[in-house]
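Each of the two complexes below includes chain A, the first together with chain B, the second together with chain C.
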Partner chain A sequence: MATGSLPKPASGWSLSPEDKPILIAGAFILVILAIGTAYTLATQGTASFLSPVYLLQQLQVGAFLGIVAAGAMLVILLGHIDLSIPWTLTAGAMLGSAIGGPYAIPVGLAVGMVVGLVNGLGVAYLRVPSMIFTLGVNAVMRGFMVMLTGGYAPQSTATPLMSYLATGHVLGIPMPLIVWAVLSVLVVLLLQRTSVGRYIYAIGNRERAAYLSGINTRMVIILAFIISGACSALAGVLLAGYSSKAYQGMGDPYLLPAIAAVVIGGTNILGGRGRYLGTVVGTILIVLLTSVLSVMQMPEAGRQIIYGLVIILMLLVYGRQRGVIA
Partner chain B sequence: MTPDNSPFLELSGVSKRYGGVRALENVDFACRRGSIHAVLGENGAGKSTLIKIIAGVVQPDEGIMRLAGQPVRFRDPLAANAAGIVCIFQELSLMPDLSVADNIGISNPPRTRLGLIDKRAQRRRTEELLARVGCEDVNPLEQVKNLPLSRRQMVEIAKALGRGPRLLILDEATSALTSSDVLKVYDILKKLGEEGLSLLYISHRMHEIEALADTCSVFRNGRHIETFPAGTRGPDEIVQLMIGREMAHVYPPKPAGRGAVPPVLEVQDLRWGDRLNGVSLKVGKGEIVGLGGLDGQGQRELQLALFGVLSGLSGTILVDGKPVTLSSPAQAKHHSIGMALIPEDRKTEGLMLPMSIADNIGMAAMGSLTSGVFVDPAKERAAIQRMVDKLKIKVGDVADPVATLSGGNQQKVVIAKWLLTEPRIILLNDPTRGIDVGTKQELYQLLRDLADAGASILFYTTDYDELIGCCDRVLILYDGRIVRELQGDEIDEKAIVATSLNLPTTAETPFSAEAAP
Partner chain C sequence: MNDLRLRLGQNLGLLLAIGLFLLFWLVYNGLHPKGFSTAVLIQNANESFVIGAVAMAQTVPVLAGGLDLSVGAVMTLVNCLASVLVNGSGWQMVLGIVVCLAAGTLAGWVNGVVVVYGRIQPIIATLATGAVYIGIALFIRPTPGGDVDGDLSWALTNDIYEFCATYGLFDDGEAAWLAPFAWIPMPLAIMLLVIFLVWIPFRNSVTGRGVYAIGSSEGAAYMSGVRIDRCKIAAFTLAGFFAGLGGLYLALQTSSGNADVPQAGAYTLNSIAAVVIGGTSLMGGSGGAICSLIGAMVIRAISFNFRIFDIAPLLQPLFEGIVLLGAVSIGAARVFRVKNRLELLG
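Up next is the complex of A and B:
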């Protein structure tokens, strides 16, 4: 034990406890692909799961989930949770496409940020547990959206720009994937290279100690919820472009997979620990698992059972490792 | 009955390794019946490992442990408990949201015939146990979180007694106690000793050991150095045995009187609820001002109030003669004020334990470690290394979690975090609690150096020695106000204790007044 030897540069590839879940999830992705390929080889004689076209297509679908999960992760790192994702996503999509024209996307994002601001204020200032507050906000948003359309399906359609961002290609790469990649770079920079990123981890570990370190914990919490709301709305805008219109309930299938992707990626559900790369890997794992199960013509019931079991199993594996460290 | 001097607990040739580190090496150790046996040593000397082995928390790699002559091997703490070995650990093990009675009965509550918990019997038993530790004034139905820290520790002792121990281990169990409570604990422990209970007692407070123990064992670097009857060696000799080298003066010399210094921090008639009842004080540039008095007289609240944590204050706070309003630690930290608080509980208030040493050190001064919006890694590494060197923090790798450090080094990390903000006003809340002698000495020197460099220090401590040794002035608080200021030669134990206790209030004893919420 030398007094104060300099640390290895943080960019070095030493295996930290936080890398293990990422490696395990990555290995599991390969297992899923192998099983899927074995199935297609046996039934169709092709390895369609390994074709670049299929993989790019999956990543394109995964981008929507990945964008939602990126925002969800920031909130989870704080030790909170954002359950208002489904109707924030829907509201962003519906109001954005209702406005139409060049303002469609900014308005959609603004809606998400306002919802995030309300969530943040409720959690940071009113000190309502985020699980309850965001659940309430989700219900309120749902009510607003039903009120807006009078209970009928919205008539508005996506703008051309929304469609392009959701379905276009640049150099053969789907646009949503590019949006996801840009967002990912921003989130990584935020988490690893800014004070706010450091504060997010600090608050997730011990909010009181962070507060007593002179950190403006309320602002950090509010900011994280705003980003989460914006991410949900962004996914909503893209999804509306993808299916060329916004519709009620379009966000419902995104809440649990987004949280699952974050947690499978090794982020502690109680906050304070986790790497963004894990969330990306977790997203891909969930998208591939869903896809492979449906190609294998697994009945819906069986798909749900396997899906749930995988999440529990992965967390059990991580939990055992953590127990030793703690 | 066997005579008094037969060992109740006997260890021979016990060794324990953690990875490559030898925590205990070939230790022979014995503890007699009815003996109050002090175990002394710096942090990392092997005391904790010794206790963990005795209490069944870890198993020895080699060696034999005998209890009343019979070889024993405990698989887990429950087995040790069953054999009559009960531990009171440094970290309080009470559940804050449960009542005192529920806490005391937690592992083995009295039951009714239906197998349900017999609340009435549990309450009766709690009352008996509290009476045994002299805490009749604690309501068994009170939630533990509403009790001051010193009362909680007494509840902890009562809880341990409830398990019917034959060997009671106290690991820093008096570190949160006020002097008056410590005296009570002495009486209780002495009475227990007379009843034939063996006591293993770990404390870093030398005068407690002198007052209490009949036998002392010194450990150093995992070895048992020497056991001797208490009183046969002077404190200096004991300290020397513990650190293995000659001890210089524990406290750095105080500067001679410099006459009046302009106050950097001034407080006028500060009030908060019924905890602060009009506090006025001044702290000058380069001064170390001690806060004394019984525990829970508003010292903590005063520091939190100054640091902007409490809302609903009245009164005036002046920094450099200008009134300021501080409504959050972020404001107090701002360089125009330049305040820092070393909080009471380093594990929950000072540190993010799972985060790295580097992250913790940088946490309060992130603003100065960034270029533009991004953290500057080179600047950050340099600043952290500077702090590690300056405070001589013993680290392997600053990327390790801060939880892997010893208590003394963790406290140094908390202090390093704040020194990086270059504070002008430093508030310390009992910073040496549970820290070994060597590190304490370094901290005293550090405080004096900081003061000499121009910092104003407001130092609350429950250890009177520190008030006497460290402080230029001492303010004694009682019931949320300052009742006396001691200066220069006036600062001695007698004056401090007398002022803390003998108050011109009513016939009411300060003990019961202290317990009132």
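Up next is the complex of A and C:
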């Protein structure tokens, strides 16, 4: 962490340390596809993993995770972590679909932003470690949702717009993929073309130095948590549209894969280093891995084991830290 | 006097946790129709043991400045293993218990090796190994169930008298010298044994002190000749042992094994909360397993009160969440006393 540097502009063909994880993860995606194709060729005689329909379908499913991971990455770049993702996502979905009508999506997003604001205030002003504060906020949000819904899936259904954004197609491209792409462009612009993006990397490297350079570190931290909350809520709104309603615990399967996607993409879990492209590649890797394993009818036990081993393996290849941290 | 004040100041978090626990627990017992009876104590001790053991497990890596996201998974793994192994004849059960504890310890050791020699951040390494352990647990027990010896389960989840009576020790527990201790619940007795035979010797050993030193300042510890690698591996190994103990006890308590992924996650998250409430710094270097045990008891004592005050089940998660958030925010009070903001920034 002490040796972290701002990403340098790419020059020629020289491989920067920032690119290595992305290339290796990309190569691993091809390996996964090759193994999956070999399996389907052997058992069914078709290369269904390489068909555009299948790949687009996977990207559509992966978009939800990708949107969550985009927000999680901003917070991780700061050297913090957002564990309130599961119930922020669920709250956005539930309250959005409960309001219904044209305000469904804005309300859902606003819920996420408010949760993010609370997280940011706790971390930036109260200086409670983000891991524990966001955990507490997650528990409170869960409590609110159980209180409001009675612990069951709410009766309200997703609005047509939510369904369209989650399941519609434009020119054959699934809508969630387009939403993810637009969000990705915005995040890349934020990280690379604005001063706030630079501040995020600076704070992740050394908050003290960033503060002494005159950066309003509190505002940047709050902003990053708000974006993370909004991303979770956006994913929740889309997910509610995808399954036509919100349900309890819909956010739980997204927290750890999102963090894993960010880290596999080469972002330092301690903050300050990482490229957004890596997060995208990490998301696709996890989605394809899950999909290939389920097509190969791997039982849940085997899936968990392989999932864990892949994360360790990827990090052993390029996530190793230097020796003692002085 | 100054010495006392310094000690109090250093252990403010722990004192606060003890105060909170006494408050909640005394209120609970005071309002309970059978308050302050052995039966209630046994029930409370049973319900607190697993979360306490998992919280103690979390503490050790936290002291070294790391975080173990696999404690819930190790607990679940040993729980499933115990539901297969802990039955049959006497020696088979003893062997089963030893294997269970060894499996937990081994899982912790693997965590340590991955963190130290793989040089992967603990939080992300244990996230991955946790998935592997859950996978193995699902492999052992795809559906909840299993069989744990009924006598053993009864004996270990009651008081010392019942334990002796079940196994015919000390005149079936009627021995005169045993009478003053006979009311002590077995989970409490086991926990005290573990604290005095495992935790305190570890804390006072060179390795244990090294763990604290690493948490305070890894660079300084390295320069002082602390064996960083050995201490870190020991910390994770001990965490595995404690988590395994929790899993074993859960199997005895429920007479079954359950590879429940959400439950494993909940135990991991609660263990972190217990560590923080107990006053151990997440940055490492201060606190201890006993603090976290009390932190876990605070969390449990809060939920005991739900029964007394008849809080609607739908409100309980909200209540728990607010208390949790409030408890972890108490430490933030210092922020408002600090004049120089630089002191807050890392």
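Odds and ends about this structure:
Methods note: the second predicted complex is superposed on the first by the 305 of 326 C-alpha atoms of A that agree within 3 Å, B and C clash if a C-alpha of one lies under 4 Å from a C-alpha of the other, contacts with A are read in each partner's own complex, and residues count from 1 in each chain.
Please note the rule applied: contacts are C-beta pairs under 8 Å (C-beta built on N, C-alpha and C of every residue); 3 or more make two chains touch, one makes a residue touch a chain.
Fair warning: this is a prediction, and the values are worked out from it, not measured in the lab.
After overlaying the two complexes on the shared chain, residue contacts for A:Leu171 are found with neither chain B nor chain C. Of the two partner chains, chain B and chain C are each touched by A:Arg208. Counted by residues of chain A touched, the larger count belongs to C, out of chain B and chain C.
By the touch criterion defined above, A:Ala42 lies against neither chain B nor chain C after alignment on the C-alpha atoms of chain A. In the superposition on chain A, contact of A:Asp252 is made with chain C only, not with chain B. Once chain A of one complex is fitted onto chain A of the other, the partner contacts of A:Val53 are absent, as it touches neither chain B nor chain C.
Looking at the shared chain after the overlay, A:Leu189 reaches chain B, while chain C stays out of its contact range. Of the two partner chains placed by the overlay, only chain C lies in contact with A:Met147; chain B stays clear of it.
When the two structures are aligned on the shared chain, A:Leu135 is found in touch with chain C, with no touch to chain B.
Taken together, the two complexes place residues 206, 208, 211-212 of chain A in contact with chain B and also with chain C. Those residues of chain B that touch chain A in the shared complex are 307, 309, 328-330, 332-333, 341, 343, 348-355, 358-359, 362-364, 366-367, 369-370, 373-375, 377, 381, 385, 388-389, 392-399, 417, 421.
Chain C makes touch with chain A in their complex at residues 67, 114, 118-121, 123-125, 127-139, 142, 218-219, 222, 228, 262, 265, 269, 272-273, 276, 282-283, 313-322, 324-325, 328-329, 331-332, 335, 341-342, 344-346. Against chain B, the residues of chain A that register as touching in their complex are 1-10, 189, 193-195, 198-199, 201-202, 205-206, 208-216, 272-273. Partner chain C is touched in their complex by these residues of chain A: 81, 83, 122, 125-129, 131-133, 135-144, 146-147, 150-151, 206-208, 211-212, 217, 249, 252, 256, 259-260, 263, 269-270, 299-309, 311-312, 315-316, 319-326.
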